[in-house]
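Have a look at the structure below before the remarks.
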Amino acid sequence: MSEIQIHRAGEARSPSAEFAAGFGHKALGGLRFISPILIVLALWEFSSRAGLVNAVLLPPPSAIFRNMGRLFQSDTGFWNSPLVGHIEVSLMRLLAGYGMAAVLCTALGLLMGINRRVYAFFDPIVTVIMPIPSLAWVPIVILWLGMSNATIIFVVFLTAMFPIIYNSAAGVRSISKKHLWAAELMGASRQKIFFKVLLPGAMPYVITGHILAVSLAWRALVGAEMLAGAGLGLGYMIFDARTFMDTETVYAGIMVIAVLGLLIEKGVFRPLQRFTIERWGTVRAG
Amino acid sequence: MDMPNKKTKRDAAATAKVEALSVSKTFKRDGGEEVAAIGDISLSIAEGEFAAFIGPSGCGKSTLLYMVAGFEKPTGGKVRMNGHVIDRPRPDRGIVFQEYVLFPWLTVEGNIRFGIDLQKQPDADARVEHLIKLVGLRGFERAYPHTLSGGMQQRVAIARALAYDPELLLMDEPFGSLDAQTKRRMIKDFITVWEETKKTVIFVTHSVEEALLLADKVYLFSARPSRIKQVFSVDLPRPRDISEPSFIGIQRELLASLDEEVEKMMG
Amino acid sequence: MGAFWKNLARLIAAPVILLALSLPALTADHSIKSAYRLTFTSIAVTKGDFAEKYDLAIKPITFPTGIEINEALLTGSVDVGEVGIAPLATLLTRTSDVVAVGVTDIGGGRYKTVVRKESPYKSMDDLLGKKVAIKVGSGNYAAFLTYIKSRGWKESDFQIVNAGDQEAIAALTEGSVDGVIYWEPIVSTLIAKGIARPIFSFKGVVNNPTFLVMPRKFVENERETAIRFIAAYMDTQELLSTDVPAAAKLVVKGMSASGQKVDPKVIELAIPSVDYKIEMGSQVIADEKATWQLLKDTGKLRGDEPDWSVAFDGSLIEAAKKLRGE
């Protein structure tokens, strides 16, 4: 085999070429993503100003952005502004609830994937509880934990746990018997099989589960804050603004929620996906 | 075909690398119905021998290979390696599957190093470098498996199985999913690799040509429940020429015998 | 097969019967979409037969509080609603498309603070730092703000739990809040159920009116219907003022339709806690302005001061009085 035969060598691209191609693609993709949004905003501005829609119910985007600017200001600077305060509280709640789920539920999910008895015990529980909309938990959780941060964090945790458990277990179960055999034959102990085969092999599913968990948790967080926000958080801000018919603040809050959700997905999970499962070719690049 | 003389037979028994003694295997189908895949197989593979298993589909040739690997247990009888009953998978064996079964999260180099690193063998870097050269993967060390063609991936799998220097190489229809052109090239290149390493090889295939191009002995499995119907010794120098009369002669004989068994399976 | 045809016949008959049942409402000369919520006046006018006298059909649509009614008035999905002093300030800040046409009742006595019966709390001071259910933005809330201002407290001295009417009842019943500050008959319902006892009344703290509010378009286009509604409403107020036991019966009926069993005796005691007077005098309008200023000062409202000159229209009351034969 000294004479080297390169089969379809074109398929093996160098990382730098991949990066360059990705960059141009990204710029174009960004434009494609943003232009429909700009068109909708322009139409909206026009309809609101022309009086085609009730300007109290649907204030023009310019008024919303102006109001957002106001909410980002305070006598002591941007970082002490009311909106930054609400964002901070919401993100901390998300981080706490999702963080707990990430640690506990990834572990449980992987264990379910590995151990048939653990799977048999938890699978029916997960299957029954998973379809319950997370906001349905809020009244019950308020009973347990009161109108507090703990309630919201727990609802976020509840929302995040199921996609993580389900996908982590599915990830382990997706690994073929032959991969495990191959590793065993090469002298891998059970511990080595876990860290060198099961964990990386389950990674595509685990990452998918976490992306799903965070996006669902983000929605549940805002909903839970509306019901049990106790004065702070983006959801509470929206709820409170609605009480006083401050629709500009309601829409500003909705926009901030959308942008933050997008940033979390595109800024945190997309790179993670790119550096793992897309590189490994275990999932096609979306 | 040249039958082995008495002397070589005795030598083979004395230095048997792998032995199957009255091995049988029954499966339970989903309906609960029991199917006897392997009826009664006894065979002995010598140290350094290149053995090929051939037979109709479902005759249990891959199953027997998995028993040698330690993945599966016989229902009856014994499988031995170096005189010891095989209890579990151990790194004195290496395996190459038809589906490559590479680790997609590791680079070409990472895949090849997998066994060496597990056993903390010395001179890993030099060994890996040599193997990459040997199987023709230079320049692709950093590539991930999914960026490679099927043939290239199988080269990685072969290098991975050889890297930690096992005594026995098990190959389960390794070229079965490659196109004809690539397959010919792989067979030719694999002969070079095998001649350098001189491992004992068990090679499961359903291609008569493949078996005869590679193996010292071809074990023909009968229809289910299988036994060894015939053993063909191929004493031709490698690389073999498929247009040579002696090759054609043995090919015709093996094909005829195999066809009889395939007929029986078709019922 | 027989069962099939029978079921089919029933299936066809059901909408026909429903249509027939709704015919009186459709055939009444005047009909009004009224926001229904749990107050003595709203329950009594809807559950009593005051409207029939004026050939008026009241179509009730249920809301928890005036906050939600605000949105319905703004979009024109109801023709009339009871809106407290604070929600009206909010509404007028955002739109001049609505108009206050009368007062449902007046007096701080309808707002009370209740705590769980076995709890140690005796006064508002004891509730500092505790969980208190209240509807943020309501007239009740404005009364609360007025009171804590007079005591030198801040809103953040309490753990405010923003709750709708049924939520407030559930929250104290379950014990997830320490106190409930709400209006009648919510507080009396909690007392009647044996769960709560009152520790504070806002009587004397404020003299807040609650308003009857209509979309301006409705008043302009269906003035006759609006007048008939106000006439029926005044009859209701008369009953609440003069025949408390009969009024209490209606309220009990309304509460039980909302799933709350109440002892009529408790309601009878609660009904006289306010005055049921339709007139929008200068003091009433001054109260509204003061509440707007209070909410503005606490940073709750954005926008300019409403045009007060078009916010109140007392002419419907005069017309209704004539209709009633006064």
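To keep things simple, chains are lettered A, B and C as they appear, and every chain counts its residues starting from 1.
Throughout what follows, a residue touches a chain if its C-beta (ideal position, glycine included) is under 8 Å from a C-beta of that chain, and two chains touch if they have at least 3 such contacts.
Everything quoted here is computed from the prediction, not taken from an experiment.
Novice: Please classify the inter-chain touch graph. Allowed labels: line, ring, star, complete, other.
Specialist: If you draw each chain as a dot and join those that touch, you get an open line.
Novice: Determine, using the mean of C-alpha atoms as each chain's centre, which chain is farthest from subunit C.
Specialist: Result for the farthest chain: B.
Novice: If you average all the Cα positions, which chain's own average lands nearest?
Specialist: When every chain is reduced to its C-alpha mean, the one closest to the whole-protein mean is A.
Novice: Just how far, in Å, is the C-alpha centre of subunit B from the one of subunit A?
Specialist: That pair's centroid distance is 47 Å.
Novice: Centre to centre, by mean C-alpha position, how many angstrom separate subunit B and subunit C?
Specialist: Roughly 85 Å separates the two chain centres.
Novice: Would you kindly tell me how far, in whole Å, the mean C-alpha position of subunit C lies from that of subunit A?
Specialist: Using C-alpha averages as centres, the distance is 42 Å.
Novice: Could you pull out which subunit C residues touch subunit A in their complex?
Specialist: 67, 70-71, 74-75, 90-91, 93-95, 131, 136-137, 156, 159-162, 170-171, 174, 176-177, 295, 300-302
Novice: If you look only at subunit B, which of its residues touch subunit A in the complex?
Specialist: On the subunit B side, the touching residues are 69-71, 88-91, 93-95, 97, 99, 101, 103-106, 114-115, 118-119, 133-136, 138-140, 142-152, 155, 160, 164, 182, 185, 189-190, 192-193.
Novice: Taking the complex as given, what residues does subunit A use to touch subunit B?
Specialist: Subunit A reaches subunit B through residues 1-8, 11-13, 15, 176, 178-179, 181-188, 192, 196-197, 200-201, 203, 276, 279-282.
Novice: Would you tell me which residues of subunit A are touching subunit C in their complex?
Specialist: Touch list, subunit A to subunit C: 54, 56-57, 139, 142-143, 146-147, 230-231, 239-240, 243-249.
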